[in-house]
Amino acid sequence: MSAGKDGRRSDRIAAGVFWVLGMATVALLLFIIVEILARGLLTALNPKFFLGKPEAMKAGGGILPMIVSTLYLVVLTIAISLPISIGAAIYMSEFARRGRVSGSIRFCLDSLSTLPSIVFGLFGMTLFVIYFRWGMCLLAGACTLAILNLPILLRGTEEAIRLVPNTYREASMSLGASKWTTIRKVVLPTAMPGIMTATILPIGRIMGESAAIIYTTGLFVRNIPLNPLDTAAPLAGYIWYAQSEALVNDYRRIVDGGAALLLIMVLAVYFLARYLGKRYQQK
Amino acid sequence: MNDLTENKMEIKNLSMFYGDFKAIEDISLDIPSQRITALIGPSGCGKSTLVRCLNRMNDLIQGCRVEGEVILDAENMYTPGYDVIGLRRRVGMVFQRPNPFPKSIYENVAYGPRLLGIKDKQRLDGIVEDSLKKAALWDEVKANLQESGQNLSGGQQQRLCIARVIAVEPEVILFDEPCSAIDPVATQLIEDLMADLKKNFTMVIVTHNMQQAARVSDFTAFLLVQVQGDPGRLVEYGDTNTIFTNPSDERTERYITGRFG
Amino acid sequence: MNDLTENKMEIKNLSMFYGDFKAIEDISLDIPSQRITALIGPSGCGKSTLVRCLNRMNDLIQGCRVEGEVILDAENMYTPGYDVIGLRRRVGMVFQRPNPFPKSIYENVAYGPRLLGIKDKQRLDGIVEDSLKKAALWDEVKANLQESGQNLSGGQQQRLCIARVIAVEPEVILFDEPCSAIDPVATQLIEDLMADLKKNFTMVIVTHNMQQAARVSDFTAFLLVQVQGDPGRLVEYGDTNTIFTNPSDERTERYITGRFG
Amino acid sequence: MSAQARQAGIRLGALNARERNVKYLMFACASLSVLAIMLIFLFILRESLPAIRQLGVRNLFLSADWSPNVSNPEAGSYGMLAFINGTIMTTLSAMLIGAPLGIGAAVFIDQFAPPSIAQVVRRGIELLAGIPSVIIGWFGLTLLVPFIARLTGSSGYGMLAASLVLVVMALPTITTLSAETLRSLPPELQEASVAMGATRWQTVYRVLIPAAREGLLIAVILGMGRAIGETMAVQMVIGNARQLTFSPLQRTSTLTSRIITDMGEATGVFRSALFAQALVLLILAMVLIVSIRLISRERKH
Amino acid sequence: GAPARKGRYSGTVKVSGSTTVLPLSQEAATEFMALNPRANVEVQGGGSSVGVAQLMQKVVDVGNSSRELKGDENNGTLVDHRIAFDIIVIVVNPSNPVDELSHEQVKAIFTGKVDNWKKVGGPDKEVVCVVRDQASGTREVFDEKALDSTKEHPMESTPSAIECASNGVVREIVGTTRNAIGYISFGYVNNKVKAVTYGGVEASVADASTGRYPMARYLHMFTRGEPEGAVKGYIDFVLSDPFQTEIVSQEYIKIKDVTVK
């Protein structure tokens, strides 16, 4: 019986420990968010900062080209990877039989999703920047990130497609629609909200990615990139560059402000994804 | 077996496998033209399997295999190279759970005609109205054709599905327990509708409901799995009246009097 | 009601809620010591709910609430601060689906004693052997004590679960349809075992199988949901013989003769 | 024909020509992942071959002397052992902290937290996973490094700081996957244990954790994957030194951090040696993936 | 050179080379292009060696370098434009009591032979060396002058040193790390760090230009032959008074202020 009491005491201790662990993770998160926002908000909310051009040597630079670069890169990457991952997801969920082929595709997807992003960066640099002679540019970065994000985007897209009830497919096929027509006219439209939701999460990742783009897209530009073949400087990479070069006197201000702005963007994407996900689930 | 009616379909020695599992074995059965044929039998005896063989819906299932023949208008639909897409337009299907697309009522009905390449708005309008009328749904939905088909009640959804099938003007319509998911009033409506449609279509209905089979069908086939794990076999087939009043097989009698199943 | 036997448990005006839904209402019932009490009734009438109230397993379910009392040895187990952990050691439970842990047979049986802090290898060995013998499983598994409990057959797994309960020497054992997932031969074994265990334990068994209730139990309680959505209520309680041969409530008679449920 | 069909049974579900083309197109999309992996492997290998050939395996992988020469790359030495060591040391120590923390948080979510709080923790961890690594790195550089410096009297930069940053990076992976594993356990296990009079904690450590062992292991391995691959955050706090060290307070580099520290100006065999480091990363990642496959195959049995 | 009049120059100038010079070169390009909208200056890094090599291969028009030409690079066709003068200053954390270090002490510290401040008259604390990255011209000059590194006997700073990509970061780390020592360009010295005397000499423009303070060097832009057109305009702009005063003197010493050597 005394042993039983011991069991109860260890249970209370364990419960305490787990509460601490659980709360610690939330506290850590809050601490990081509050700290970064508090430090950078004053800089970041200043229109002169986020609408200004960056300076290479002088203090007082802004980060407008970096914001544009980030958004541009997101759009370009999604534009490249979404069609591919929808195609691949359709193959995996509608056509593929369980077997060697789909097994090895899954293996490759799993591998892609564990490779360090710096490896993608080096690969993108050798293939797109050097071998294809594109130079460091948005397109090279977008292609690199498209490969990097393929597994996660594909998984989300595939899930959305698999969630389409089979009865829709049956109904369409029984009306004499071919498989492809069924996919185009019924499966994809039904899965679209889910696919959109699945697309948003990778957007956050693209915004935050730095190791894969510093050698493919660029680190510093003064002008807003317009052409996909222009060198660009996405915010995440620029934040790293600014602190590691510290060429300008006010680099702390720039990094603080840039980090806060980047965090706000990523949080906005996250909550948008949650919101859309919830709305999608309710349907 | 029935000399007065022509056969729309003839099922000949049909067996069907899910992978290694034989679901039905050696079934031969004629589907008379412009009549309603009911398939009855306890759960798992292969009614759905059989009815889905009739428009090759089983093609969708991986590892499915068929032996035997199903003749539609003198042609075996299981010859290699047979036009399956065309077949499914000729042999429509209504499922157990109403399954309208997540589109408007209009688009649900127009789906089939659009597949056939009809783009002309006026013609589509006509087909939609006509089909909904035939499905006895027009009056209830004509004001809200743009609303989602999924907002209708269960019974309305099922009639919408019937309208959707009618819109491609099939020759045969297969019903797989069309009323098992809807209420009695809606069931009544659909049974009336089926009697109406007999003028134009050959129909096959799978049902668990003995009364329903007796009420709506002209011919009835009774399927049974003798021993668990065995394939389903045809026990008896004949005129619905005969089957329900004077079955020749003792197992049929026991089933229709509710002693098992 | 039965003056010869002492009551191990007394259920007094017990109601139990899942959130806002009242699953059972105002049930009063005595569980006599060293006897087997059967709970019968159609699906959903709250048998499982009731039996799980007897060792407070419902505490695990979110939003559960209990009104009334369950007295175990003169103490209400629903008084605040009552030692629930200790209670569950005194009132063991065997579930519908055999649920051995993914551990060796030995470790499954030793699980409870270890919880009680017993570490001595020899003592554990003794308990394991003893419990398996009492559960009539020893001869079948003594050679493979280190094999996983999940590799046994369904019936063996269920007896392993009984051995696991016996190992902590509870006073009461609750069985929630212990035989519904296993074959008739294994069922026979378990029924024999229960008769054997009566010497040492008070038992409560939930069962769908009328014959089983009649065979194994001394007392029987019949629960029923009158109208769908209503809570389950106790209809009749008494000596098993009386209930099965001469029930005083007409609904009980209809149920045990198989007319509904 | 039909007799033959009757004998063999005709194979159903054959596609028509147009659909076959569509299928091939979709297949091409799907096999892009295969192509990508192969290209990545090929290009990284190709770029690292000169270093492997010129320096040899010993001088490249088993030496800790990293003294590049920028203007005359052939004159430098390029032994990456110190960085392999740095990667392994920081990753392992991150797991030492991160695995219990992450699994603990998962157990908290699954067993101890009331639903609303569990939800908050789950969302919080998802959010943590989304915070860009440069931000975590900047946070580490400006708060963690000075904190360690004050606490220990060291420079603050080094493997300890890197490991702690990696804990933050790997924690979401470990927690999310562990919680998923725990949730997928059959509820009967917990019921059985509780009915025996086990406390929650006894149920957790005697039944649930052993039953979820493989899944938890996979969660930790995937967390390791994140840690091994993390680049920017580590580079910002590890001190970017070239020494082989085992002391948590000493500065060194990981493979990833060394690549971005040096890649900018590297040419010739120097650059190739950096690609060889990427090759090592690639191989490490593949080892992880294969071990996960093996574990999950075992779980199925 | 005369300041450029608006829009006088047109055409493309390609520049690459030293990362030390890169920011200056970049800034000059930006301002030069603002003054000459039809001119286009493309600046890239790569390191001094890369710049000179590309200049000789005619890939670029201007090669930036933070060191003198080496023997094999000096084939007589390249024209040297000194654009700034840089003094390397040894700095420690302001809390460090050490004020002066000899040549031998510096060498011992940076090569790792002395790893505790105690040995050079400081507190009993570990020395944390902060050095520049491999490609830095500053590091090359420092290794050569302070560590006596030669081609035959290369000397490296200790592997435990923190490597930084720029003067700014060295200053930041030395300024925030109590036991750190590093070296930075003269223009970067401020009150966050403390400059120590080197071999008894304080770093100053005067002593550096006479050679009394040894760790100094010029920053260069090289061209193939005398520059013409936009290339000349660009180099002239770099050397122009406003640019030298506003930009160059922020971190380096204006080339005009250096008279000797």
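Lettered A, B, C, D and E in written order, each chain numbered from 1.
Everything below uses one rule, namely that a residue touches a chain if its C-beta (ideal position, glycine included) is under 8 Å from a C-beta of that chain, and two chains touch if they have at least 3 such contacts.
Predicted, not measured: the structure shown is a model, and the values here were computed from it.
Trainee: Note down the smallest number of touching-chain steps it takes to go from subunit B to subunit C.
Mentor: 2
Trainee: Among all other chains, pick the one whose mean CA position is farthest from the mean CA position of subunit A.
Mentor: C
Trainee: From the C-alpha centre of subunit A to that of subunit E, how far is it in Å?
Mentor: The separation of the two C-alpha centroids amounts to 39 Å.
Trainee: Please work out the Cα centroid separation of subunit A and subunit C, and write it as a whole number of Å.
Mentor: 53
Trainee: Where the CA atoms of subunit C average out and where those of subunit D average out, how many Å apart are those spots?
Mentor: Result: the chain centres lie 48 Å from each other.
Trainee: Could you check subunit C for residues that touch two or more other chains and list them?
Mentor: 85-86, 89, 115, in rising order.
Trainee: Two or more other chains touching the same residue: where does that happen in subunit A?
Mentor: Residue numbers touching two or more other chains: 4, 7-8, 178, 243-244.
Trainee: Mark out which residues of subunit E touch at least two other chains, giving numbers and ranges.
Mentor: Within subunit E, the residues that touch at least two other chains are 164-165.
Trainee: Which positions of subunit E touch subunit D when the two form their complex?
Mentor: 19, 45-50, 70, 125-126, 128, 133-135, 140, 154, 156, 158-165, 173, 176-180
Trainee: Can you list the subunit E residues touching subunit A in their complex?
Mentor: Interface residues on subunit E, with respect to subunit A: 23-24, 26-27, 30, 164-169, 171-172, 247, 250-251.
Trainee: If you look only at subunit D, which of its residues touch subunit C in the complex?
Mentor: For this pair, the touching residues of subunit D are 115, 186, 188-199, 202, 206-207, 210-211.
Trainee: Spell out the residues on subunit A that touch subunit C in their complex, using ranges where they run on.
Mentor: 1-4, 6-8
Trainee: Could you please specify the touching residues of subunit A with respect to subunit D in the complex?
Mentor: Of all residues in subunit A, those touching subunit D are 4, 7-8, 10-11, 13-15, 17-19, 21-26, 28-30, 32-33, 35-36, 83-88, 90-92, 94-96, 102, 104-105, 107-112, 114-120, 122-123, 126-127, 131, 147, 150-151, 154, 178-180, 201, 204-205, 207-211, 214-215, 236-237, 239-240, 243-244, 255, 259, 262-263, 266-267, 269-270, 274.
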